[in-house]
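A, B, C and D are the chain letters, set down in written order, and residue numbers restart from 1 in every chain.
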Amino acid sequence: MKPVCLVIGAGAGIGGTVGARFAREGYHAVLCRRSDEEGLRVLVEGIESEGGSASGYLLDAMQPDVIEDRIAAVEDEIGPIEVVLFNLGAQIGDRPLADTSYKAFEMGWRLATFALYRTAKAVCPRMEERGKGTILVTSATAAVRGNKGQHSHAAAMGGRRMLCQTLNAEFSPKGIHVAHVLVDGAVDAPDTLGKMLGPEGFQKLREARGQEHDGLLLPAKMAETYLHLAQQHRSAWTHEIDLRAYSDRPWWNH
Amino acid sequence: MKPVCLVIGAGAGIGGTVGARFAREGYHAVLCRRSDEEGLRVLVEGIESEGGSASGYLLDAMQPDVIEDRIAAVEDEIGPIEVVLFNLGAQIGDRPLADTSYKAFEMGWRLATFALYRTAKAVCPRMEERGKGTILVTSATAAVRGNKGQHSHAAAMGGRRMLCQTLNAEFSPKGIHVAHVLVDGAVDAPDTLGKMLGPEGFQKLREARGQEHDGLLLPAKMAETYLHLAQQHRSAWTHEIDLRAYSDRPWWNH
Amino acid sequence: MKPVCLVIGAGAGIGGTVGARFAREGYHAVLCRRSDEEGLRVLVEGIESEGGSASGYLLDAMQPDVIEDRIAAVEDEIGPIEVVLFNLGAQIGDRPLADTSYKAFEMGWRLATFALYRTAKAVCPRMEERGKGTILVTSATAAVRGNKGQHSHAAAMGGRRMLCQTLNAEFSPKGIHVAHVLVDGAVDAPDTLGKMLGPEGFQKLREARGQEHDGLLLPAKMAETYLHLAQQHRSAWTHEIDLRAYSDRPWWNH
Amino acid sequence: MKPVCLVIGAGAGIGGTVGARFAREGYHAVLCRRSDEEGLRVLVEGIESEGGSASGYLLDAMQPDVIEDRIAAVEDEIGPIEVVLFNLGAQIGDRPLADTSYKAFEMGWRLATFALYRTAKAVCPRMEERGKGTILVTSATAAVRGNKGQHSHAAAMGGRRMLCQTLNAEFSPKGIHVAHVLVDGAVDAPDTLGKMLGPEGFQKLREARGQEHDGLLLPAKMAETYLHLAQQHRSAWTHEIDLRAYSDRPWWNH
């Protein structure tokens, strides 16, 4: 039985690509995303066409029980979850406080903070029993600095970062590796950045910095680091790591 | 008409003491707390007996509209809010993940993060119109590191810290001073630490480090720094400051 | 006998102004600077003309023994040093690595890091014996992030910040208050920024952001915060605080 | 011609082990250390006995020109340096300020900060001309917090961390990958920790946490992460990463 890599937030960017990378490494990839059944099917078939194994599920993390139930079902029906990639985002672009609704602020927390806590509640006891497991959390610059207009996103990601630290403090000595991956730059991801910019804008950005100049974070390359984190020996674990394109400015520089 | 200092979270520790300090400085202190009408009366009368002016209200920040309505009523009936001290905490002690309920985790966020956002939503437009205002946010070590058992508290305070940064980024140039006060140590506060430890334990801690040795943070002394922050000239504002007793170890040392 | 406030790095900006503020508070200000005897005389006479008391010395912190000897002489001849303001900078502007000489890199360390260590070596034993004292260290953004071209300055200030933490760890429990003041923005200081920009450029910047708009850090206003730090009760000490103009962007925002 | 991996600070712990790992990956390892010619010979022969290629040199980084000359000689006689591992430490144990001599403080800076700057001065222009290169810098907890007694070490490592950031800011867009590896725990290294604790103490610590429990950082496992960093695609580079044993507490937790 293959070990399972569960991806929560499996779009065509980081989530789907990292899932596929783990599948190539011998994991069964379980891909979960909120919508776009067709896109999900494409990801799963892409993995299978390479000889890998995967399953796909629609999962709306705003709903109660769905994360918990999915984890239970995967463990029962597919196999032990060895790796979780928690990849849900809540970036809604820059909005002044006046234009940030209560609903948007709460949704940020529900998706980016509370859903990780729910995931941990469901998966950590199982990993703890097995004495091992890996939880990889995609994070963003907003976890370490609150920029103008990022009220919802920064509050959610800042809470998420601290939650990763409390999870690590409790579960690292029990053999569960929690890693907070600070993605500090624009990702070449059609499902998120692409939708935010629109097809033309995204194509323009890609041409300006993307393929040739490697100035956008390429998910296929990022996946190597996610995989490396999951393969680190427990005597030398990473809890926090940043990633950005060589030509990009780190968040702390101006 | 006196300027108003609104305290959200006015127990007998930081909140009530800082409120009284501002009252001595000529502000009308509006003290809000969740419960203990008698304790609230004592605080208000204490201020009045010193010749100051104050009002007290019970306010449960878990409830919808109560913050927003209180701010509107204060502005209408008492006067312009020049200073807000946001002092709600959500420390529930150390609990393993298994013992941290969904309800507790959400409550942490509602009190420590969402209530600040609601406060800002209600008060910032008024301050912006007047071109000035101060929002002082009491924070805790959990805002910068996630310790074992602090799942709810750290996630909430980490989100709050980032929210303070996004508020500062938007409103500082508009004349609103947002300051994040990192209280990094035990406070000599009967309503919070006192209740957590019980009367005997609290007395014991006080005797061990408190009065003579100044080893607990004394609210009356902390109040001087809160006041100083509110009095800083806009050419030299502080956004983040830490406070701890001289004999205590900073959070980053072991 | 008046308590002494020793200022190492007393130009016409932060150093001289903070010294004068402490003099108004009843301290004898000892102002030390590398050069410009005339400028030093003006500062001392300015303090005296306000009824304060001050002394001035030229002191080149690159030279051996001069800091140590000055501290010994002040203690012997003037009185116990209660407050040190360590205000030496080593900003040499942005320079690519190729244009940063060994000499410049070493000078940054000698002035901004080693001179603070020498100061602490000389003054801490005396303060420790008296059970009290305050060391205020002016710092810069370069202490927390290394920007392009800041090789010498950032390395020196980063080392200085860690040194402040080790000094605090050892001496805070002994009654010595060490505070690291992160000056995160341009200061309205003719002796440093003024010289860097030249008279016209400085005047232009001043007009653009300075007086009316309070967009440069005004030393006279900063001095209030330095004084407040020295007056904090030992139950509520600050180790790190940032300062910037309301209209300026904090270092972490872009 | 093999690419060169130059190790400055190649003891039997991280330096020698990472050098050997790169040699297995096809690099020619150039191992430099201050003393112990016999130990150096053992490392080189160990690499060669595995079919790898290596050279060893004694190099005292306190001396002028030796780093610069070694880099020039390696480039001339062996080949282009693709990877530098800068691994010099300056940990001298915990010492009160009174017991930290000027000499020790300066030596910390010369080895841990200035030697990195000298290395960068010598190697960056060559890497820049080739449009690629990797500089891996082993760092320590003291780079991010100043503990009691760490005056020399923390000041040196804090400066080193900022220097890594300024190097990154200037050279990352030119294709040079600078990574700051925060080693946050005790390393199973006979040449450093072993010497500090003495043979018995080291054996005891090893037995308590070492082999079976993986509670000390094992250099052979750390080497995988160093190698991964050097192999990251330039669209997804890491500048800062932490490493510690699963059972160890991160520096920010108490």
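By our rule, a contact is a pair of C-beta atoms (placed from the backbone, for glycine too) under 8 Å apart; a residue touches a chain by one contact, two chains touch by 3 or more.
None of these values were measured; they are calculated from a predicted model.
K.L.:
Would you pick out the chains that touch subunit C and also touch subunit D?
P.N.:
Output, common partners of subunit C and subunit D: A, B.
K.L.:
Have a look at where subunit A meets subunit B and say same if over half of the interface residue numbers show up on both copies, different if under half do.
P.N.:
Same residues, largely: of all residue numbers at this interface, over half are found in both copies.
K.L.:
Which of A-C, A-B or B-D has the same interface as C-D, meaning more than half of the contact pairs match by residue number?
P.N.:
It is A-B that repeats the C-D interface.
K.L.:
Rounded to the nearest whole Å, what is the centre-to-centre distance of subunit A and subunit C, using the mean of the C-alpha atoms as each centre?
P.N.:
45
K.L.:
Let me have the rounded angstrom distance from the C-alpha centre of subunit A over to the C-alpha centre of subunit D, please.
P.N.:
Each chain reduced to its C-alpha mean, subunit A and subunit D end up 31 Å apart.
K.L.:
Where in subunit B do residues touch at least two different other chains?
P.N.:
145-148, 165, 168-169, 249, 252-253
K.L.:
Which residues, counting only subunit D, touch subunit B once they are in their complex?
P.N.:
Listed in rising order, the residues of subunit D that touch subunit B are 144-148, 249, 251-254.
K.L.:
For subunit D, which residues count as touching subunit C in their complex?
P.N.:
Listed in rising order, the residues are 96-98, 102, 105-106, 109, 113-114, 117-118, 120-121, 124-125, 142-143, 145-151, 154-171.
K.L.:
Under the definition above, what is the set of subunit B residues touching subunit C in their complex?
P.N.:
165, 168-169, 172-173, 175, 177, 188, 214-218, 221-222, 224-225, 228, 231-247, 249-250, 252-253
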